[in-house]
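Chain IDs A, B, C and D follow the sequence of writing; residue 1 opens each chain.
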């Protein structure tokens, strides 16, 4: 394993110090491992908070700022934060208007945020939780852990964040967050695995001509292995998986995320986006907004995830609302 | 189980985790996210450190403290799950071995382990066969209960060490039995049928926890 | 080789189509392979144009927009654009106020832009050229091709772009561009090579515990091979190389770029930035502005480049001026 | 050299480049940026296509057109360099073999090749020993000149095919001689001493260009 780190043990601490130094807009509490806006709290505003294992940067710390998150709590690499951290984030961000916890649906995240929510409620902080579970590669059944949360997390954080910034109350922000999640579907393929510092070697080894189809964002193998094919065909299959799960009609407007998993050049992401745009145009589905880049990554994994959100006019307006964070910046 | 044994148990787990960290991580790498070794390591280093700081009133205290420390230091699925298991075990032992109270015998400890399972399943909702720590825990608990009642092997009722030994063996069998299963809970469930053929990391660490109990109680005898 | 492409031959065409679809602010002339602002020309404004081989995205196309480039002309992967392309870009961007060509110092780029400049002058377009040559890993001698242009290209494009946006004339914009280049130094290390689609395999193979020190941005080997070391030591050596070449004093203010080469997770870039910030603080050198991310990449190469620019107040003001491009966006 | 020979030469280069594209790229991969094969391929595919479109007036025209097409289709260092070489060769041949003018003989072609070198060095400023295409071009030119003057091997003056053969051999020797050199021009120069031990891709394509000339002139005889 080769990594630009000092040691696996100090990775998170060092990276947080780097984030703090790099982004004057962020305030990083190194002890509590909580990232907040350096502008402080806005009185009466609902706080939107997210967190999860590290290794998905810029998610979540890079989304803290005006119009998006109020706080983020990054755990160890691919390990959900502990309840104390989430609680510290809630304390740091709550203005009395309550907090929305945006949680990706993984057992660890769910449990740790749940414990934290109980602790926060005990302290008189009103808490709502939205579980993000957009990954159609995972079968959704009541007997399983359910779908993973992946790319749609960005959509939920951006849109709920904009609504909170406009002064909506907690119930409204939570409701919209859940609607965004319900309207979103993702699918990902990997060309390589990734290497966590703790493990020191890739989670799986792929032959030179094979890809993993239906992967998540934690270096785990996908649903099946296939031979590499032209981008057009890979995209077609991914869109099929998404649109089979959530059919879209010609009237629907979408927000599309073509997301690099960390080790894929932007040049290739543009090739993928071109195929997505062409394929959706062929089906008569309109792309109202889009993002192409590395937003919800899986360390150094080469690969791409596609996320589609069926967006109504209200969601699009919230998407367009000003955002000023390290990783997303537009408007106002 | 008295204070000393509880402490020794936690230390023995910490030592075993330290020795088998890489194996736990590699198991988690195959069907999960390659952090189970690091998670357990972080948790039990923190737990032994926390125990070194305080003067617990009894074995229950030791284990409640261990559980709370796991919850606040591990993260991931295993943190809250093992954390609440140890807290439940500790709470059930409350009073035992503290002050003038007698140490917990095998029957009382069997009840404590049972409370641990309840807590584990309340949080994680996993059943036997789902390919999780439950697959090692349930047979271990049953073996311990049986031995504690004196029903197993014709052994004498209440032999703590014998019960712990039986539990460790049952846990290891349950751990090995996870290999052919398809996961229905935790990250491994995302792999569908591809989770088959791999031993569950959480069941492996559960077996290690019961083996540590057998080791420390054997040494006491 | 595994890549998310349709074929090596159509890669650039497909990626440009994707860029066009992804960024409403860009206008892409697919035939001429020229990217301009979709807002069109601003009368009387000096045009700042850059280009070079593809594979360094977001450079250069991602820097087209208000406050930065007027046009970009991307060549094939790692191959400078042909003169026709550069000429087409000059024609598309010239308002009559002249064009500044920002050229990275590689023989191919220099020659092709030189031919283009002559053709443009023949058509009555006034042309100035700034050669970017910031890489201290390369010995600078009159007998050689000279230093490579790498990360400082971003500084030159941002600062010259801001000045042009403010209405400065060509001579002034060119002069400042050259000053920014003179004030900038870079050094890079690679943990892996990269794979060009045409070659189909990595330019070099590195053992699991070695890194290439002093690499450029085209997958070529570096000056020497070393064992991997903690990030702190790697950074210390890179800063030594930079500061030996251009000593800085405690009064100097700097702009720092910690740039991922394409395959390195953002988490690691933050670790590197933390070491840079600490090491410069130890030397009493102030970081006035900084960027941490993937800006001047080398396809899927894992590694990092550091660029330091000694910036005076005027440069800092131009750095802070509004910019609105796909890859950089602030102010305004 | 007449129109037909000039065309055949360019086509023969295109065929040779197509066959050796991967080798050129691998050489460039070792000490450059792994695109020389693709660059040459793109250029000569474009050049043959351009020649198929127009009706050139003479061999000079063919080679000027070839050079211009290389410039406008290759990019990289080799595009302008080879482009201006072919343009200079073509310009020097202007008039020869066109209309009623006699085709260029070996002496005239030697002058054209010499103009090509001048152009190459004016643009690239590389000297022999810098580990570039110049290292193959200079000995090839000298061998061609010598043969054209009849000075070499006691052969008869002006034997075009013999001169081309001598040039090809000299180019190949020059190409091989680049291996031990340290590059002072082009991308390979960034490697410092690490460029030693690798054959220069541009010298290799130059040798290929002269070998193609030898092949097509031999076939004509």
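Definition applied: a contact is a pair of C-beta atoms (placed from the backbone, for glycine too) under 8 Å apart; a residue touches a chain by one contact, two chains touch by 3 or more.
For each chain, UniProt lists the protein as follows: A, C = Dihydroxyacetone kinase subunit DhaK; B, D = Dihydroxyacetone kinase subunit L.
Every value quoted in this text rests on a predicted model; they were computed, and no experiment measured them.
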item	value
Whole-Å gap between the CA centroids of subunit B and subunit C	55
Computed distance of Cα centres, subunit D from subunit B, in Å	76
Rounded Å distance, subunit A centre to subunit B centre (Cα mean)	33
Multi-chain contact sites of subunit A, meaning residues that touch two or more partners	77
Arrangement of touching chains [line / ring / star / complete / other]	line
Pairs of chains, among all present, that meet the touch criterion	A-B, A-C, C-D
Subunit A residues within the subunit C interface of the complex	1-7, 11, 14-19, 21-22, 54-55, 57-58, 62, 77, 191-192, 206, 208-211, 228, 230-232, 234, 258, 262-275, 277, 287, 290, 292, 294, 297, 299-300, 302-304, 329-330
Residues of subunit A that touch subunit B when the two form their complex	8, 53, 75-84, 106-108, 111-112, 114-115, 137-139, 143-145, 148, 196, 198-199, 201, 203-204, 216, 218-224
Of subunit D, residues touching subunit C in the complex	25-26, 29-35, 37-39, 42, 71-81, 123-124, 184-187, 189-192, 194
